[in-house]
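Presented sequentially are two complexes of chain A, the first with chain B as partner and the second with chain C.
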Partner chain A sequence: MADITLAPPTTTRKTGFKDFFAAIGRHRGLRHPKIRLALLILVPILVLTALAPVLPIQKPLETNLRAMMQVPSIEHPFGTDKMGRDILSRTLAGVQISLVVGFSVAMIALMSGMVLGTLAGFYGGMIDRAVMTVVDIFLAFPSLLLAIGLVSVMGTGLVPVILAISLADVPRFIRLQRSQVLSLRSRAFIDAARTINAPQSWLMTRHIVPNTIAPMLVAGSIAAANAILIEASLSFLGLGIMPPQPSLGNIVRDGQTYLEQAWWISTLPGVVILLIAVGLHFLSDGVRELLDPRSRQ
Partner chain B sequence: MAEYATKKLAQMLITVLGVITLVFFTLRLIPGDAASAMAGDTLSGEALQRLREQMGLDEPLFAQYFGFLLDIATLNLGETITTRVPIAELILRAMPITLTIALGTIVLSVLISIPLGTLAAYMAHKGKRWLDNALTGTAMVVDLMPSFWTALVLLLIFSLALGWFPASGQLNWSNPGGVALRLALPIIVLSLSQVAMLARITRTAVLEVLNEDYVRTARSLGWSELRVLFRHALKNAALPVATIVGLSFGNLLGGTVIVEFIFTIPGLGNLLIAGINSRDYQLVQTLIVLYALIFVVINFATDLVYKALDPRVQF
Partner chain C sequence: MNYQAPVRTTLLEVRDLRTEFQTPSGTVTAVDGVSFSVERGERVAVVGESGSGKSAMAMSILRLLAWPGRLAAGEVRLDGRDIARLSEGQLNAVRGRLVGTVFQDPMSSLDPVMRISKQMIEPIMRNLKLNRQEARDEAVKWLGKVGIPEPERRIEAFPFEMSGGMRQRVMIAMALSCQPRLVIADEPTTALDVTIQAQIVEVLKNLTAEAGAAMLFITHDLGLVARFAHKVAVMYAGRIVEFGRVEDIFARPAHPYTQSLLGTIPSTEMLKSERLPQIPGLPPDMRKPIVGCAFRERCGAAHDRCAVEPPVLSERGPDHSAACWTDKGLTDSISLKPKSSARTNKPFEPDGSVVVELNALWKQFNVSRKTTVRAVNGVNLRVHKGETLGIVGESGCGKSTVARLLLGLEKPTSGDIFISGLAQMVFQDPSASFNPKMRIGDIVAEPLVVKSRGAKLERDEAVRRLIGQVGLDASFIERYPHQLSGGQRQRVAVARALALNPSVVVADEPTSALDVSVRAQIINLLADLKHDLGISFVFISHDLLTVRYISDRIAVMYLGEVVEYGAAEEVFADPRHPYTKALIDAVPVPDPVIESRRSSVPLEGELPSPLNLPRGCAFASRCPIATDLCRAEKPTLPTHELSRQVACHYAV
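Let's turn to the complex of A and B:
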């Protein structure tokens, strides 16, 4: 008889936080190197932003005339500006705005793109032609310039900025969704559902839309990164979020005047924008590779 | 080809009409109207009414719309509201500067990105993954750098610290050397992200071609690697690269607004921002239409080049 040694029964213990995190760590998604890298960049930024109100740093709008134009130090890791405001604290407040803008734009563009793109692709004909004509007109504007034009009409501030960037983004999502729906519409499983007399609304909501979600989410996270960059650009040009409310773009703009005396005001918040954008791109790359069976090894 | 060009031209004209219509009606969505938004609290009663008449806002909407179309078609662009300078004159002065920056960027970035992308593809093809990874990784990060930030960092290093390029000053066309120095940094800033993107596209395109049978055949004939790479691989990879150059022109135009603003260059972008800040909607709507027109025409040209270069394309 073969000598089989059974593993000794492990002592049962209560599952604690450790196991919970270990289980999350074993998840397929989190073992993907690009997603890991993305989380490594994004999670600390998110945590710092969430904790900003309780961190031992000055409030974003608080001035301190005894600490003007200070070089980055332990006390002010990103330095201070002309009015002695803490740049780190202002940057974190700006990140908050960036995240709101990125998330809102991605959601608005994703939702309206899905609805309009599905309708255009599924029904074809007049609806399709009408939607796509408008889409083509919108795509004739370079997106930053469209956003600038819209903001010049709608005014500055958080809501107009979100609406302007979303409007510039929606046509891209409609196009993507429409092309997905067009390719799904002729697939065998749709024919199968049709043969058993499935109503059109059922076909759309149960068969077509669920199959389009993954690529749309990937596009959504890229759109979020772009929205953050466009918001920063608008605010930098003085057309987005207006001071004293800090946003990453207008902090950089404030620092432009003092570039020679205080390089940190403009450069450090810019690094944070770059980190967020890189993180979101790695995230979307990772999610795409994870969801795409062809690129799985 | 002629049939194709006509069809594309018709499509382009419809888009242009749509662009003008969209801009016109968006401006009519301003609460109150453009005249009162423009005047703010400075004008009231009769003066405001005069401004309305001057802008043609007292006419029926459709008369205004066709008037606007006619004005654009006949290049009768009116004057700026505050300084009373003909808008056409401002545009004629600013446009060459913006186009010089845009074209300079395209030339510089194509010159850099094609060898770089080909090198990355070649290394990937030869199994030297580390160099390929380093190049594509750097390209991704560079592509995502916000252009206003890159501009300030380069300004800090090359103008303020090293003093190689002037950070401000007049643009005098009779002194081409001075103009080149003045436009060098803006062009470099815009080229960075352009190179990052084009190098990645070139890499993908060349890598695909390197696996083709005709490349293997060329190799088996004993031709040198360089000849295979440039005569066969790169030539066939040129098509997607040319397309992306055309498509990315829109982003490039957006980028010119930012670099013009930072380096205080009197191009279309600074004109646009000045127009927005002085609430000169006449100027803003003309410029937005102009930007869209430039982009649409470039896309039209790209389509034609694509068709001319690749006989397989059928529509």
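Let's turn to the complex of A and C:
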């Protein structure tokens, strides 16, 4: 019939690795200015962190009593602390912890938010009421306060910190997922699938969840940035990662006492925290703009 | 036509108007060199499909274009003043005072948190220099004129307390209350039901005539144009392609596009065995530059010159011009009829078996503990094999609920639904009925996957066959819904509906979201499938001309009941229920001669609330022949077996 426009057969499905990398290079995500800026900040930090074990610097826990409180120099780019430990090395180790915390929290919050939010939004009724009552109670507390409370119950260390921050973040994800599911549930394509008697598990996995992922990813990257800040705050307060294990928060705390004599101990790791947070926020902002249908043509 | 030539003084003169939109992919010239003029007291209709630039043109006249739109060039002279050169302050005096506007969506064009009085009185005070009490009296007077009952009380209402039709009346009252010289109405009745549309059109027509105001009426409905306009401007791809008096445009259209548009509307005399003439192809992509005539790819009469030079408007008679290089446009030798206009292959022979049967179907929705919406009240219907049943009625009459019950999307409160085989659905809005993350191939295959029919290879084969059956080629399988036009998506919806070999396909307003030129393609497709495959259809629509063309039988619904049922031709030729009569009268016919002869007494009032239904006949409150008997006792539809059923005490 008439409104046929012939298009060349699409071959994008079967391509070699070369084409794959070329496609990534051309991807409009990489041309987005905010994403570029984010990568410009984050990639060097990531690369340095990954290379930390092979860099010609002191190990993070190694002390050197002949080089205490050194000003930043070629040998110690971030200087040293009161025990002669290399701040750069400690900072990179802290970044590693930060990234583990950020990524784990985002994944845990994303996954559990997705499951619980989908169930609550899709089934409604009792399930919805039960889930949302708990969510509303959690949301009544600021997340840092909640995390402090949870850590004080669960104890300090990496795993409790991750769990505490995740638990404080999950309610937000449930809320977001549930609101998305509610609006998708009434869309015509759900009705269309119901007319062929598609089972509910099919509706959820094939029609609802794939359409909720993009906004959840954006929320996930914001949550990662916040989790890094909260972990730093907890460690700064002495509730997170315990010394001598370095974390950005406890390095800053260590240096706080010597701010007047050795500004670099607190300031430089602080700047790194700032850079990571800013980078992740730009990234999530860029991803959000990229995924916004209004910015598409 | 009752067209008395008014004193020939030009009120609005538009010359070489160009409007541009800056988009990330380049500049779109939405209006590309439009010139025309409107005389005092004249009603000019601007006709065009979506994207033709008709609304952008109207907005440019008032400089109301929102960013990224921009009035790039041209001159707009209103009463001798060039609008394009006025300051924003001077413009505000023009808007409202000299030009009144009525927009399409009455739901969003009134401020939801302001009472009607506040929205109306202040502009009147400012523009007519009246004090508050005088302005209030004036506002009440206008609300009464547009047919708002109890205007003194209703003026204190908030917009959400009024129905769509009432809000549109308020918009009209606001537009006219400052006694403008020109009223610009952008699709003012598109969102409304036919009977309400007929009322609104009548109000607009009478009041502008009374006030001596000219009118620029933007629409895509050629029937409305015939009913309403003195002159017509047909727009295509940002240009006026034909301009002239309404009689000339309908009787002697000169541009192939106008001719095609008029041809695609099913006429009342048309035989069902004939295919609707259809315009091939799609409107051009306005983001790309257009070389030559924008219509040439869809035009049967296009020749070499059309590809090089864009045609300009040239004289075709008194007050009639068209932009086409040919003299007469499409002639009989190059007609727009499809090659096989009549269906030649042997039609499917109905054997009289019943495919769908609805017995005493009731559906109630509990809105809250106390209130119940009675959506469907005792409907009995049958659909035979290979038959198309058309269900018509205003919004809120329960026709879509019947469809949802039939498909099992809702459970009936009481009554039985019997379906032999499977019912499938084609939805109204092709942009919402597909999962945006799925490829077309997966969308069409989904029913097969869910029912685990066939292996992967067999399913792929089935998808290719189905896609071909609805007139698309295999390259569509890999695409995503957003890469398709509305018409193509509706074809995919049909292919998917056919995947499980259903015995009945329910189509709920399948063409109402499509442009006129694409609509005929989908109607032809559905009619072909019915003819070739013997599938039964339930066709739900408010477009009575289309329903008449495609249906064998028609059920007219009012407030959840079937009030008339019978063969399509009979119901249209001889409507017996007063509501059916009113509905058919309300539908504008694309012929100015017929329209001028028709009585212009539209059905009064609006659909009563389904929250508390009247005891007697549901239609009694609007019926011109209702008596005390009707209000006391409910007329019922006779039993199934009759071929013609009317629920009215006074049916002839």
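Note that the second predicted complex is superposed on the first by the 271 of 297 C-alpha atoms of A that agree within 3 Å, B and C clash if a C-alpha of one lies under 4 Å from a C-alpha of the other, contacts with A are read in each partner's own complex, and residues count from 1 in each chain.
Methods note: a residue touches a chain if its C-beta (ideal position, glycine included) is under 8 Å from a C-beta of that chain, and two chains touch if they have at least 3 such contacts.
All figures in this text were calculated on a predicted structure; none of them were measured in a lab.
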Inset, instruction - Check whether chain B or chain C contacts more residues of chain A in the superposed model. - result: B
Legend entry - Touching partner for A:I127 - first (chain B), second (chain C), both, neither: neither
Inset, instruction - Kindly classify A:A232 by the partners it touches after superposition: chain B alone (first), chain C alone (second), both, or neither? - result: first
Inset, instruction - Go through the superposed model and pick first if A:V115 touches only chain B, second if only chain C, both, or neither. - result: neither
Inset, instruction - Pick one for A:W202: touches chain B only (first), chain C only (second), both, or neither. - result: second
Inset, instruction - Give one of first, second, both or neither to describe whether A:L61 is in contact with chain B, with chain C, with both, or with none. - result: neither
Legend entry - Touched partner set for A:T267, first chain B, second chain C, both or neither: first
Inset, instruction - Would you sort A:L291 into first (chain B), second (chain C), both or neither based on which partner it touches? - result: neither
Inset, instruction - State the interface residues of chain B toward chain A in the complex, per the touch definition above. - result: 14-16, 18-19, 21-23, 26-27, 29-30, 140-141, 144-149, 152-153, 155-156, 160, 249-251, 253-255, 257-258, 261-262, 272-273, 276-277, 281, 284, 288, 291-292, 295-296, 299
Legend entry - Interface residues, chain A side, partner chain B - complex: 133-134, 136-138, 140-145, 148-150, 152-153, 225, 229, 232-233, 236-239, 249, 252, 255-256, 259-260, 263, 266-267, 270-271, 273-274, 277-278, 281
Legend entry - Residues of chain A touching chain C in the complex: 1-10, 13, 187-189, 191-199, 202, 206-207, 210-211, 297
Legend entry - chain C residues touching chain A - in the complex, by the definition given at the top: 23-25, 278-282, 404, 407-409, 423-425, 427-429, 432-438, 446-447, 450-451, 470-473, 475, 478-479, 485, 487-488, 491, 496, 500, 518, 521, 524-525
